[in-house]
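Presented below are the structures under discussion, each in the form of structure tokens.
Shared chain: chain A. Partners: chain B in the first complex, chain C in the second.
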Partner chain A sequence: MTSPWAVLQRTLWTAGLLSLAAAIGILLVYTPTEATMGPVQKIFYLHLPMAINTFLACLVVFIASIGYLWQRSTWWDDLAAAAAKVAVVLCSGVLITGMIWGRSAWGQWWTWSPRLTFSLMLWLLYVVYLTVRMSIESAQRRAVVSAAYGVIAFLDVPLVWLSARLLPDIHPASIQLIAPMKLTLAIWFVPVTLIACGLIMARYNLNRLNRQWQRGVELVDTPAPRMRVAGGVA
Partner chain B sequence: MQALRQILHLTAKDLRIEARSRQTLGLVVVLGILIVTVLGLGLGAQQSGGPAATAVLWVAYLFSGVLCFEKTMALERHDGALAGLLLAPLDRGVIYAGKLLSNLVLMFAVGAVITPVGILFFGFDLSAHPLGFLAIMGMSLIGFAAVGTLFAALVSSTRLAGGLLAMVVFPVTLPLVISSTQMMSRLFAEAGQWNGRAFAILLAFDLIFVVVSWLAFEWVIEP
Partner chain C sequence: MTGAQYAVLAFVVGLGLMLGYAMVLWLEHRNMARRRRNK
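== the complex of A and B ==
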């Protein structure tokens, strides 16, 4: 009864949650506390993997959007929608952890520094993607508009990044990490990436089911075609 | 050569309609002046000068631009004009280029009115680098119109056309806003330095989105 797809998903989630537990354990026990920032610095191990995974999710949106424009099959559209939602969730996480970091390092919740500005603009780009999806009723039109937007938005990302760098910067360009810190960071990539993939898959499943259900509703709601009597009034 | 003639033909058609109906320009120019006035009143006298003026001009361009793109596309929705256009033996890219060109002409016309008003209200002294100012604003408008024309064609068939267009175009044009305002502040506040990096971003934006929108247009346009 269980399809390979369901098995894959279950494995992904199990591995993701187990590695998350392990990563939290390592963070609490093994990872040294940074000297100047104290325990708040540990937020960094979550912050960076989430940022990288945000890009990956955006990349999935881009590929799925191109796939949709090319093949016009609905599953590309469902995949793009799922990835965009996860991208927004992850990017929100990046923004929140970044703001907590900023508050503790620079004493301000928000500065218009390049990376913060970039995260905000990225978040806006993909929040708009989701809003566009919500505001178009025709499923086919929604898919085309959001696919075109998904392509344009992703191409815009490097430009957003470059233009944000024109602003004056206080964000650390590269952080000096000692070996145990690097190891912790590497370990944290595992659960965050697995959970991000798991979320995309779960959301994708939901989108597929939703589409089937919609189709079912349409079939039920549409009245049966009226019988036409040839050559006369029915 | 033939493509160029077709593009000019399409643009001339749009501009002729505009010249006869005067629907778009009047509306858009008045909206732009209103925005500049509201922001001028809101910001007050102490905010006058270079950076504020550029920001205000951007807000005015963005809103009037969106209205302009929406209007020129709505024109095609009347009486199935777009279906006729799509049936014509034209490359779809040519249709995009024609629309882009007519939108650009209209936007430059709008800019030619709004910009002096903004400069006047905000006491922005252009005399140091008038050509630099024109170049930056001109290039920004090209990139903006490229994205705007594509999305106007996309969302014009949906129910929410206007609001949706503003929402999809604004976040995408943010790089233009940042790089042009950064260039302006460098040019006018910091002793006339030309910000090469910002200029490169502006140029890259224009190139990427003119080409991509032109390519994407035929995939997404529907009567």
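== the complex of A and C ==
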């Protein structure tokens, strides 16, 4: 029998892929081309939802890390690890789509503006998070160190958010959009958010299965403890 | 490259990353199910 968790995942993926197809169709047929920048402005409809979902994935890492430090339950640790991987994937997408847009709009792939620098730092922080996880052998120690790191790494998220607002930056802090553009942006949030949630759930599932598998292997590999009886070992 | 070409490139890379990672997870899940069956 299919579990409710599996049904939820399947529904999420079906809705995510269908809404993605619809969003692409709307972008091609309905959305007007921006007068100054031309078609390259359409990158924004993918770039912004990916950026917001990166922040959400980082928030999940933050909450799960606090949850682990508070309750010491392994599922918090598995959730934090899953969300961190998805945060790195999404942040990579944000950086690359931003670079492509920058090449077309500013004539250069990269510039060390505050928002771009803090965004790169965010990506590096979560890559280091994953490296730290891989480098610690003891599961309990790994979970504690990663949780402490996951809480600290989140401090960069408000810096990315505020950098373009508080500091002089070439990156736009806000963009004026007409009604059809606003609608397109809202529509694009749906598939990107659904796919991001689907990725976190799928990665979390695998982390749980891996943990169960490793526990099973450990139980098979470890010889049964011998019972001590009077006068020797049974 | 034209603006439209840059836009297509960005969408291919951005969506490719997300859907590519989904494919990796699906393959990993399938391999794990196979490994558990063969155990």
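We take it that the second predicted complex is superposed on the first by the 214 of 234 C-alpha atoms of A that agree within 3 Å, B and C clash if a C-alpha of one lies under 4 Å from a C-alpha of the other, contacts with A are read in each partner's own complex, and residues count from 1 in each chain.
Note that a residue touches a chain if its C-beta (ideal position, glycine included) is under 8 Å from a C-beta of that chain, and two chains touch if they have at least 3 such contacts.
Please read these numbers as outputs of a predicted model, since none were measured by experiment.
Of the two partner chains, chain C is the only one touched by A:Ser104; chain B is not.
In the overlay built on the shared chain, the residue A:Leu206 is in contact with chain C alone; chain B does not reach it. Contacts of A:Arg115 after superposition: neither chain B nor chain C is touched. In the overlay built on the shared chain, the residue A:Leu159 is in contact with chain B alone; chain C does not reach it. Shared-chain residue A:Arg133: touches no atom of chain B or chain C. In the superposition on chain A, A:Leu69 contacts chain B only, with no contact to chain C. Touched by chain B in one complex and by chain C in the other is not one residue of chain A. Across the complex, chain A meets chain B through its residues 69, 121, 124-125, 128, 131-132, 135-138, 141, 144-145, 147-149, 151-153, 155-156, 159-160, 162-164, 166-167. Contact residues of chain B toward chain A in the complex are 147, 150-151, 154-155, 157-160, 164, 167-168, 171-172, 174-176, 178-179, 182, 195, 197-198, 201, 204-205, 208-209, 212-213, 216, 219-220, 222. Contact residues on chain C toward chain A in their complex (touch as defined above): 1-4, 6-7, 9-11, 13-15, 17-19, 21-22, 25-26, 28-29, 32, 35-36, 39. Residue ranges on chain A touching chain C, taken from their complex, read 13, 20, 37-40, 42-43, 46-47, 50, 86, 89-90, 92-93, 96-97, 100-101, 103-104, 192, 195-196, 198-199, 202-203, 205-206, 209-210, 213, 216.
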